[in-house]
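Consider the two complexes below, in which subunit A is the common component and subunit B and subunit C are the respective partners.
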Partner chain A sequence: MAASSRRWSPGRRKRQAWLTAGLFLFPAIALYLVFAFIPTLEVFEYSLNRWDGISPDREWVGLGNYDRLFGDRIFWEAFFNTVEWTAIIVVINVGLGVVLAAILARKIKGRIFFQTCMFIPVIQAPITTAIIWRWMYQPNGAINEGLNAIGLGFLATPWLGDLTTALPALAIAHSWSTLGLSIVIFLAGLQAVDDELYDAAKIDGATPVQAFWYITLPALRPVTAVVFVLTATAAFKAFDLIWGTTQGGPIRATEILATYMYKRGVLENNYGYGSAVAVALLVIVTLAMAVYLYMQARRDD
Partner chain B sequence: MIKRHISLVVAATALSGTMAISALAQTEIEIWVGGEPGTANVYDDLAAAYMAANPDVQINVTKVGSDLFNPVLVPSLSGGEGPDVFMYGTGPGQPAAIINGGLVADLTPYYRQYGWDAMIPESIENTTSSDGRLWAVGNEVENTAMFYNRAIFDELGLDVPETWADFEATVEALIEAGYDTPIGLGAADRWPISHWQSMLFGRFASPAGVEDVMFGDGAWTEAAFVDASALLQQMTEEGYFGPNPVANGYAEIMDSFWAGDIPMTFTGPWIVPGAVQSLGDGIADYGTFQVPPMADDQAIHPTEDIGSGFYVNANSEHLDVSADILDFFFFNNDSRLMLLNNGTIPIGSLTELLPDSTLPAITADLRAQIDSHRPNGTIHAFLDTVTPASMTNVTYDGLQALMLGVMTPEQFVEAIQAEWEAAKADGAILMPGGVADN
Partner chain C sequence: MSRKPLVYGLLTLVSLLMLAPLLMTAFTSLKPAEELVSPPWVPPLAPTFEHFVTTWIDANFNTYFLNSVIISTVDALVMIVIASAAAYALTFLKFPGKPLIYALLLAGLMIPPTAIILPLYVTEQRLGLLNTHLGVILADLALAVPIFIFLMSAYFRRIPKELRDAARVDGASEIQVYWRVILPISTPAIITTGLLEFLWSWNDLLLRLLFLTQDNLRTLTVGMLFFQGTQTRDISGLTSAAMIMAIPIIIIFIIFQRHFVQGMTQGAVK
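Up next, the complex of A and B:
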């Protein structure tokens, strides 16, 4: 009896639980450390050096690359482009995503077909998306031809060749390729909303718009936070679509931090400076997400 | 006793088998090539020919997209790995980092051993060597020229323009005939604009003027480069490249050109092998001409550069075999004929090869034009591939800005000069080329 109670004492049980949890977590933590955390630290270390990515010797410059970064006009152009790009994508994916999810959650005809159509772009390689939209946005591409066909030819424009339309046009293309995931997450959130609430609202005379506004949206708030974070982080680190269409052009109209980092770091063999851009991008994304989640938590309280 | 003999026989057989296997053991050489699919395929044939002559060597040719070369090649080379032989840019800017970083083998001993000096023209040797050492073998000579659709010209009664006024009249006639893009230019991809920039800079500044900047004390801000930039901007404004050249991609422009929707495009013979494969005899409907001089005091300076250089990895375990492969690919007459028949112009004299070649007529005609104007001096076809990458990015942005009319020619040349000086100060530009005598 004494031996048994010693074996199953609370302290031992706790240790056992920790050990079990540790064993299960170890592979994931080890993979994260090796493939994410340590490389991130290495990038930070590179950013403190002047290095061409080739020679074995690196010149320690401390915060010199960051000092240069703050005075770099193109970095700031890329930064503001990134903010604009992310804002457009978040607005579309959250705004349109929730509306489409609410529509698809209803028992409408062809629901599965529409859900599938919305999700197909998500499983496409980003470079495929780039090729499709590059073709669509050509001056004689599908968008302009379509506008001409329906009598809206006055709206036709060289979408990717115009300094004002190139970034929003590509942001829409990015949203097209990621919106399906937002819809799926919103649909999952809608499963948790009790149908009785809608029935009660209907009895009280609420219109579908009112039901959406007063029942659906508040119920989806926690899911909205997830969609926001996923959409924003994906937008901040987007690269393939822009590189496969405009490479940051025309001039620098679609230059975002990810493409700028690639140009400076990889194409120009300036890995130290490119790493500084990468670290700046990481800090910006982390801060933006932290602020958003903090505000969301306060609102929920 | 018998058992012992059997053991000995078995051991001897095993030993001889091992020796035979070791004799057959192959040296594996990895080669990375880039370029248009039709052009790059010839390296498969060359590798097969080398392997047939050298059964102990296995060559694996990998085609790598040009966009992937830097991000994939440089890290693998600096990690002590990567291909044994690879294509890369040449000139004073592009390869500076990999040469200075000690990632490529010095080919000077092989240059002397195989007598490559007899075949490599001086101008090409200059762009593949520095500090008296040869670092690369130029794989092909490339030019740019105006490619045009003969059927459209015939239909409109247009002749190949011989003066700048003729050229202007040709463009005007094409616009009047409904071709809103008389000259296709995929400026969205940026590098095609540099073909025009290289040609115009060379024409306005002369070969000596460009070389003075590249290797001397000249500056990109000189009046000739301003005038060249101004002409490019003016041509854009006047609709030579259509209403939205900066929105057009190179691939889409080429599709429209081959489809007969665009009458002219300024490009190079690397498009020919692919076009021959897809158009067959239809390639005869297309021709080339040299853009006429833009001013009275100008001559036609043909553009000419080497497409890329073939480098050998300094960490390759098979330096000798790699050099031998380069010798076979580019200095052996059968191989050179294979290159030529594929539409790829190998470096060096073609006198012995041309009579036996089945070079596509369009390429042969272009070659003849180049040769006839060669005495005027040749100019760079691709300034963007011989200047440092940092300057290339500034140039690309500036060329798009020029075409969109948001930058003046003066601002453009000042921007590239500033980057040029920064690259010089940074040591990103190599010293003039040429292999030392000893």
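Up next, the complex of A and C:
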């Protein structure tokens, strides 16, 4: 490169560098700007207007939508439902994920097979998960029939029709379809742990549970943060699973931010107010992701 | 050791529980009507594909399937080209404003698509892209391209700089180096990108639900949503629809298992 470019003037060289790079970058960057970055800025703009999404006249209402939002009982219900839903999913994925990964990390035969079994739900579409679990949760569905079969029939209940069980039941379905990914991320983290530590602990007479507690868990702390943030953000922005099952019901037991935004924004053509809900979602997820990426960058350095 | 049976027992139980929902769905989709009274975990005694035929033809799933295949395939192929091209510029070329491009793309990693559907819908409408597959494809690409650019860049950074420099000294243009030198040795990153984008595209509901309102344009995800909305009691139909959706992905997964697991671990930020 140096040989041929020495003849060029600095200005021309700079322009040439720009042209070449631009050629490579243009398709990706142009698409990203038009269909991702600018819409993200526009959500904020929309949220300051009253608009039906179609008519040419938008009414500027300033922070009016946010004023309404903070006083909107259903928004807060959806917000706390989202927090509860996210918390259940994070507890399951981190708790079970760490234990199953610790077991799978041992040198056991058929490890890949077990890992595959646990990963297959991860590649399913959320709408497939919705259809399957809605069917299993029906009053005469697989869950209740199974409970009956093992003598726990008294626990049977219309899972998705009950105000108290609907949200946790769907959170379990979501965890089913994401747990495999948590396990794999934990496994990647465990590869960094020195096997000799376990051998040494064994010689010192440590039980497997002690080894897990004093070696595995401390070693997994950074990865746990990764799984925590990824699981939480994925849960926070989830839409398909709930839309494919309860659509927020019964009453508002499974209303989360994404479904509430969809109802107000898309179904009621209330673009301003829907966008205010979207901004709440966007800010929370973006902040969590920013913290995560910052942590990752610091670890890579 | 003595604890081995316990470990295997536990792993087998968990694996069975994880597979049970899909197995029961498969069983039920194959059961003739008179066997539907048996519990879902009982395999079909006289398996039949009649429900698949009904769902495939009468419920229009052949059209949905084709639409899904078209969108996901184009998504995957175009993503490979645009993400690798951008990653090439960011990794190998010197140009002013690079940090700005990086910052812009980094922001893209954090944007949850769910939160920007309202302006995205208006954008598609203004460009006349509603009810076109192109509109879905462009939005898919835009929303996922940052993650794949970073994935490709991470791979490119491990390629020795001398390889590119040598080709440049031999008189190859940047495009030639990119296409003839760098891409051919980047197969793992290309496969990962293609697979993940195909999977995400295949599984997405929200954008397709918004942008595709004509039935003959719909994908499997949207088709399933409406099918279950109208045919709530048709268990055979629902389970066979779920299987039509799941089987291609499971087959691809089993073939490319290693790439999937690695790729999803890397791309988990989406």
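General observations
Just so it is clear, the second predicted complex is superposed on the first by the 247 of 301 C-alpha atoms of A that agree within 3 Å, B and C clash if a C-alpha of one lies under 4 Å from a C-alpha of the other, contacts with A are read in each partner's own complex, and residues count from 1 in each chain.
We adopt the following convention: a residue touches a chain if its C-beta (ideal position, glycine included) is under 8 Å from a C-beta of that chain, and two chains touch if they have at least 3 such contacts.
Note that the structure is a prediction, hence the values are computed from the model and not measured.
Once the two complexes are laid over each other on the shared chain, residue contacts for A:133 go to subunit C alone; subunit B is not touched.
Applying the stated contact rule after C-alpha superposition, one finds that A:53 touches each of subunit B and subunit C.
With both structures placed on the common chain, the touch criterion links A:252 to subunit B but leaves subunit C unconnected. Measured by the number of subunit A residues touched, the leading partner among subunit B and subunit C is C.
Within the superposed three-chain model, A:124 lies in touch with subunit C and out of touch with subunit B [touch as defined at top]. Judged by the touch definition given at the top, the superposed model places A:80 against neither subunit B nor subunit C. 53, 134-135, 243, 262, 266 are the residues of subunit A that lie in the contact sets of both subunit B and subunit C, per the superposition on chain A. Considering their complex, residues 1, 3, 14, 17-18, 20-25, 27-29, 31-40, 42-43, 46, 53, 100, 103-104, 106, 108, 110, 113-128, 130-136, 141-142, 145-146, 149, 176, 179-181, 184-185, 188, 208, 230, 233, 236-240, 243-244, 258, 261-262, 265-266, 271, 274-275, 278-279, 281-282, 285-286, 289-290, 292-293 of subunit A touch subunit C. Interface residues of subunit C facing subunit A in the complex, by the touch rule stated above, are 3-4, 7-8, 10-12, 14-16, 18-22, 24-25, 39-41, 81-83, 85-86, 88-90, 93-96, 101, 104-123, 138-139, 141-143, 145-146, 149, 165, 168-169, 174-175, 178, 199, 202-206, 210, 220-221, 224-225, 228, 235, 238-239, 241-242, 245-246, 249-250, 253-254, 257, 260-261, 264-265, 268-269.
Interface residues of subunit A, counted against subunit B in their complex, comprise 52-55, 134-135, 137-139, 158-163, 243, 246-247, 249-252, 262-263, 266-270. Within the complex formed with subunit A, the subunit B residues making contact are 67, 70-71, 74-75, 77-78, 97-98, 100-103, 187-190, 243-249, 252, 388-390, 393, 396-397, 400-401, 404, 406.
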